[in-house]
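What follows is a pair of complexes built around chain A, which joins chain B in one and chain C in the other.
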Partner chain A sequence: MKPLRFTLNLLAISVISSALLSSAATAETAYISNEKDDTLSIIDLDTLEVTETIDVGERPRGIIFSHDRTKLYICASDSDTVQVMDLSDHSIIAQLPSGEDPEQFALHPDDRRLYIANEDDALVTVVDVQTQEVLAQIDVGVEPEGMAISPDGKWALSTSETTNMVHWIDTETNQLVDNTLVDQRPRHVEFNKEGSIVWASSEIGGTVSIIDVASRKIQHKLSFKIRGIHPDKIQPVGIKLTDDGKYAFVALGPANHIALVDAKTYEVLDYLLVGRRVWHMDFNADQSRLLTTNGISGDISVIDIEDMKVIKSIKVGRYPWGVRIKP
Partner chain B sequence: MTLRDGLICFNGLLQRELLRFVQQRSRFFSALVRPLLWLVVFASGFRAALGIAIIEPYQTYITYEVYIVPGLCAMIILFNGMQSSLSMVYDREMGSMRVLLVSPLPRPFLLMAKLMSTSLISLLQVYGFLLIAWFWGVEAPLWGYLTALPAFLLVAMMLSAIGLFISARIKQLENFAGVMNFVIFPMFFLSSALYPLWKMREASEWLYWICAWNPFSHGVELIRFALYQQGNSEALIIVALVTVVASVLAVRGFQPQQGMGKR
Partner chain C sequence: MHLLKFFTLILSLQLLSIVVTAEEQETRIGFLAYHPDQGPVLSNLLPEPEDRGLRGAQLGLKDNNTTGRFLKQHYSLESELAETPEQVSKTVTQWLDSGIRLLITDLPKKELLTVTKIATEYGAIIFNAGSYANELRTEACPTNTLHTLPSRAMLTDALGQWSTARRLQRWLLIKGSQPEDIAYSESLKRSAKRFGVKIVAEKTWSFDTDLRRTAQRELPLFTQTDEYDLVVVADERGDFGEYVMYNTWYPRPVAGTQGLSPVAWHRVIEQWGAAQLQSRFEKHYHRWMNSKDYAAWAAVRTIGEAVTQTRSSDTETLFSFINSDQFQLAAFKGRKLNFRSWSGQLRQPIPLVQPRSLVSQPPLEGFLHPVTDLDTLGFDRPESSCTVSFNTAVK
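Take a look at the complex of A and B:
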C-alpha cells in the first residue's frame, strides 16, 4: 500500500510541477522601468499582476531586449550608463559606456550596435554590445530623444526635442546624412514593418508627422482632438504600429488617452482612456494586447486589441516610463 | 390563499400595470428624458472634472458618463417607486386600490404584489435607458446586463417600500412636489449616484457619513457592482434589510386599524 501511495504522491507532484513549469514558460512577461523608483516592475500577462520589482540603476527610462530576448538593455539615465540585465536571473551583467544621460535607444538588426540618444550632449552614441566599446559619436540637434532603426538596418533615426528635427544617420558610415523638420518637440520615431514610412510624434506641436523614407519628406500630418480636453494637453509621445499595417496607436501624454489611428487612411478612429500622462507602449507577441505606461498615475493600462478596450490598469512603481513584453 | 390564487392576483396586477404602461407611452418617454438629460448634458460637462482614481468594481479609468449610469438607473427606479407608491396611497381613498383592497387575499400579499408589478415595469424603463446609454458609448460587459437584473429588482422593491411607508405615514407629503423636495432629491443627491463616496469625503466628513448611511447609496452600489458582474455583499445585506423593514412598516401603515385610514 505504502509504495503505491508514494508513487501516487510522486505522480501528483510531478504533474503539478510540470503544469506550473509549463504555465511559467508560456506566460508572457512585461518589464516596466520606473523612472522615480529606480526599479523595474515585472508583470505576468496571464494574471495581470506585478510579480516582482527589481532594483536597477538610477532613473531607468528606455528599455529594449536583445534579439534573442535573453538580455534587457536599460537606459539608467542618472547613472550615465546602459545596464545589461540577464533575464534568466535578473542580474546586471554589464554596464555599457553610453555617454551622458541616455534616454532612448535602438538596437541594430545585427544585434550588436546600440544607437543611444544622449539628451544632454546633443549626441548619438553607437556602442558595440559585445565588445562594450563606443564605435562612434554623432553630433545631432539639441536634446536628442527618439531613436529608431529601419528594419533593413540602413537608417538610424534620432529626433531632437529643441531643434525639432528628425536626423537621418547612415548606419554604414555613421554619418548624419539628412534632416527632416517636424513640429515642435519631437519625442519618438517609429518605422512601419516594411520600413517605407516613419511616424514621428511632436509633443508640443500636438501632431504626428508621417514621413516617406525614400524621399525623407513629410507626406501627411496627423492632429488630434478629444471632446472635453484642452488642445494644449494633447501631447503625442509614444507610437506603436501593428504588424498587419492596420492600426497605429499614439500615446497622448497628459491628455490621458491613446489615439487609435487607421494606419492606411490616417483617420483617427477612437480615443481610449488610460492613466495620467501616458508616454510609451508595447505589444505582446501576437499583438492581442497593448500595454501603456502612465507616468503620473504610476500604473500601466492594458488594452485588448480585438475589442479596442482598456481592460485593466495595474499599479507599478513611481513614474513608469518604458515597457517591453517578453513572450 | 393558495398559490394559484396568488398567481392569478399577481398576474392581474401585472397586466393592469403593463396595460397602463403601454397606453401611457408619454410616461415611458418622460421617464427616459430625465436620466438622459443627466447623462448627455450634466455628465458630458463633467467628463474631465471627476478626479481620476480607480475604484471597485472598475478595473481601469472610466469617464464620468460611465460612472454616473448606475446612479441614473437607480434614479429611474426611485422616481417610479415614489410615484407609484404615492398613487397607491391616493388610490386607497378613491380609486382602483379601493377595489383591490376588498379582495379576500391577504393585504400584505396584495401590497407586495402591487409593488412587485410596478417594479417590473420600472425595469423596462431602466433597460430602455441602458440601451440608449449603450449607443451613447457607455457599455457594460454584456453579461452584466443580465446579472444586474436581480439588483434592479431588489432596489426597486426597496425604494417602492420606502415610498409606500413614507407616503402612508406622512400626511404633508401627499403631493408629488413634497415627495420630490423632501425625499427624492435628498436621497438622490446625498448618495454615491453622482460622485464616489471618497469624493464626498474630500468635501466634508459629515456629508460622507450621510451618504454612507443613505440606503439609496447601497442600492446604487449594488447595481454598479452587478452591472460589472461582481457582488457587493455589504450593499446586498443593507438593501435586503431595508427592503424587509420598510415593507413591514408599509404594510402596517395600510392596516385599517392604524396608519392613514384612521386619520
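Take a look at the complex of A and C:
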C-alpha cells in the first residue's frame, strides 16, 4: 500500500515540475526574498503574477544567480548560511559556510569566489562555491552591508553602515588596501559597466557618492528633493544602472520613490512613486522593466522603462528585500 | 610546531603594536556613574542593571575602534561607578589631571552640575547620558555640556502627540511623591497644555499598602474620578505604577512611566537596522540595551564621528563641530540626529513602547515645525534660556 502511494506522489511531483519547467522556459521569472516570511516569491513576468512561494532559510535577504543562472545563492541571515538553490527544481542543494549573519554578497567574474558581508561580525567572508571552502575572512568596518565586484574582477567593495566607509579589497590578495569615507550609513555599491565609477548610497546621509575607481576619491555627490517629503525621509538604498549608460535608478527607502538619474550628468530627472520603504531593484533581460521590492507594503512595483511609469504592484510576502530576474 | 606558531603570533602582535603606536591618534574617554540609593519600592521584581550606561559606552567604543583601525585612531575608556558624591568629584579631578578631556556621565542633576563646573576649567566636554532634568536644558545651561539622553519634556511631549493623534483628550494624572515623580508630572502637565489635553484630576499616590496583594481593591477606588480617556502615571522608581494597568475604575489605557512608555531606547526597537545594534549588544553583554545604554553609546559614537571628521583631538574643535549643522549621527532611529544649538540636546525621535512591541515613534505626522519636526519634542529655542557655550581651559 505504502510503496504505491509513494510512486503516485513521485509521479505527481514529476508532472508538476515538468509543467513548471515548460512554463519557465517561455517566460522571464523574478525571484523575491521575503525577509520576515523566510520564503521566496516567484513571479511570472508575462502574467505579472506570483506563481509560487518557496520556503527557504531564516531571514533571507541578498540573492544572486550563478553566471549560467542555473543556481540561486540566498543569504539566509538568521540561519548564518548562504543557501544554494537548484533553479531547475527549486531544491536547496548546498549550504555554504558564509560566516555569521550574511546580508549582501557578490560573485566574482570567475563564477567561483563569493564575497559575503557578515553584518554582525564586521567581516567579509570569501567562499569558493565549488569546493565550499572559506578562502579568506577580511576585517572591515562595523555592520558591513553593500558588496560589489568590479567588472574586471580586480576589486571587491564593501560598505560598512556604522563605520561609514567604502572598503577596497584587492581580490588577488584578499587584503583591504584602502577606504573611502562617505556619508552616514552606506547601504549599497554599484559599479558602472566599464568599471570606472562606483555609485555608493548613504541611507541616513541622504546622498549617493560617485567614486572614481582609479583615484578611489569621491568626484560627485547626489542629493534628492521631493516636494512634500521631509528631507530626512529621503534615504537612498538600492541602485541600478542601465547597460547603455544612460540612466541610474536610486531607491529612496521611506520616501517611497525611485529617483531616475541621468547617469552622465548626475542630474535627477524624475521621481517615480512606488510602494512603501523601497529597498532593491532588478531589470529584466532587455531592460524594458524594472522591479522594486517595497519592504513595508509587502509588494513589488513594476516600472515600464520606456514610459518611465509604474504599471503594476504585486503582493508578495512580508518585507520583500532582494529581487533577481532570470531570463 | 604549535609552539612555533605561538611565537610567530606573538612576534606579529608585537610588530603590529609597534606600527600602531607609531602614528596613532589616541582618544581617551571617561565614563562616570553614581546611582544614589532609591529607597525601597513596592514593585521590586525587576531591578535595573547596575552596569546601565557603561555597557552602551563600551559598545560605542568597540564601534569607534573598528572604524578607527582604518584611520589610525584609537579610543580607550576608563569607567567608575562612584559610591558617594565626594567620590564623583575626586574621580573626575583625577581623570582630568591625567589628561582625559571627554567625559560621559550617568549622574543626577546636582552631581552633574558639580562635575561640569570642575571639568569646564580644564576645557573638557561633558556628555550627559544620565539626567532627564528639564532645567539642565532650560535654565541651568551648563557650559561644555551636551545631552544625549532626552529630557523629560521630550518624553512627555511624545506621549502628548500620540495621545492627541489617538484623540485621547482627557487625562487622569497619578503621581508619586518623590522629586523625580513631581518633575515628571510637571512635564506631563506642560505637554497636556501644549497639545490641548484636559487633565480631569491629579492625584498623588501616598498609600503604603502592599499593592502586590491589594491592587485590585485599592486602585479602582483611587481612580474613580470624572471620566478620562487615558491614565498618565508619574512614578519613575516604579513604586506603585506597575499596578495601575487593568485596575482602573474606567477601563482605559495607562501611559507614562508605566504602561505605554516614552523612552530613549528599548529592546522592541528593531527597524532602521536597530536589530543589528540590539544583537551586538546582547551578544557582548547578555542583557537588553536600555535608554541609558543608548545615551552613552550615542555619546561615544558622537565623539567618534567628530574625531573622524575633524581628525582633531582639540576639544574646542570637536565641540564646535558637534554643535554645528555639519554634524550628523546615524543612530538607528530612522533619520540622522544632531544637536540643538541652544541647549546642546541631541534631537531624536522618541519611541513609545510596551513590553513586547513598539507602538509609535513621534514626532508624528501633522505636528509641524518651521525648522525640523524633531523640535516639536521638548524645549524649542524660544522656550529655553540657554545658549550653548564652550569654555577653554584655564588650568
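Basically, the second predicted complex is superposed on the first by the 303 of 327 C-alpha atoms of A that agree within 3 Å, B and C clash if a C-alpha of one lies under 4 Å from a C-alpha of the other, contacts with A are read in each partner's own complex, and residues count from 1 in each chain.
Just so it is clear, a residue touches a chain if its C-beta (ideal position, glycine included) is under 8 Å from a C-beta of that chain, and two chains touch if they have at least 3 such contacts.
All values derive from a computational prediction rather than experimental measurement.
In the superposition on chain A, A:143 contacts chain C only, with no contact to chain B. In the superposed model, A:162 lies in contact with chain C only, and not with chain B. Contacts of A:38 after superposition on the shared chain: neither chain B nor chain C is touched. Applying the stated contact rule after C-alpha superposition, one finds that A:190 touches neither chain B nor chain C.
After overlaying the two complexes on the shared chain, residue contacts for A:80 are found with neither chain B nor chain C. In the superposition on chain A, A:282 makes contact with neither chain B nor chain C.
Counting the residues of chain A that each partner touches, chain B and chain C differ, and the larger count belongs to C.
In the superposition on chain A, contact is made by A:256 with chain B only, not with chain C. Residues 44, 47-48, 52, 54, 59-63 of chain B are the ones touching chain A in the complex.
On chain A, the positions that touch chain B within their shared complex are 227-229, 256, 273-276, 297, 299, 301-302, 310-313. Taken together, the chain C residues at the contact with chain A in this complex read 62-63, 66-67, 69-71, 273, 276, 279-280, 283, 301, 308, 328-330, 334-336, 372-373. Within the complex, the chain A residues that touch chain C are 101, 119-120, 122, 139, 141-143, 160-165, 167, 176, 179, 181, 183-185, 203-206, 230, 232-233, 235, 254.
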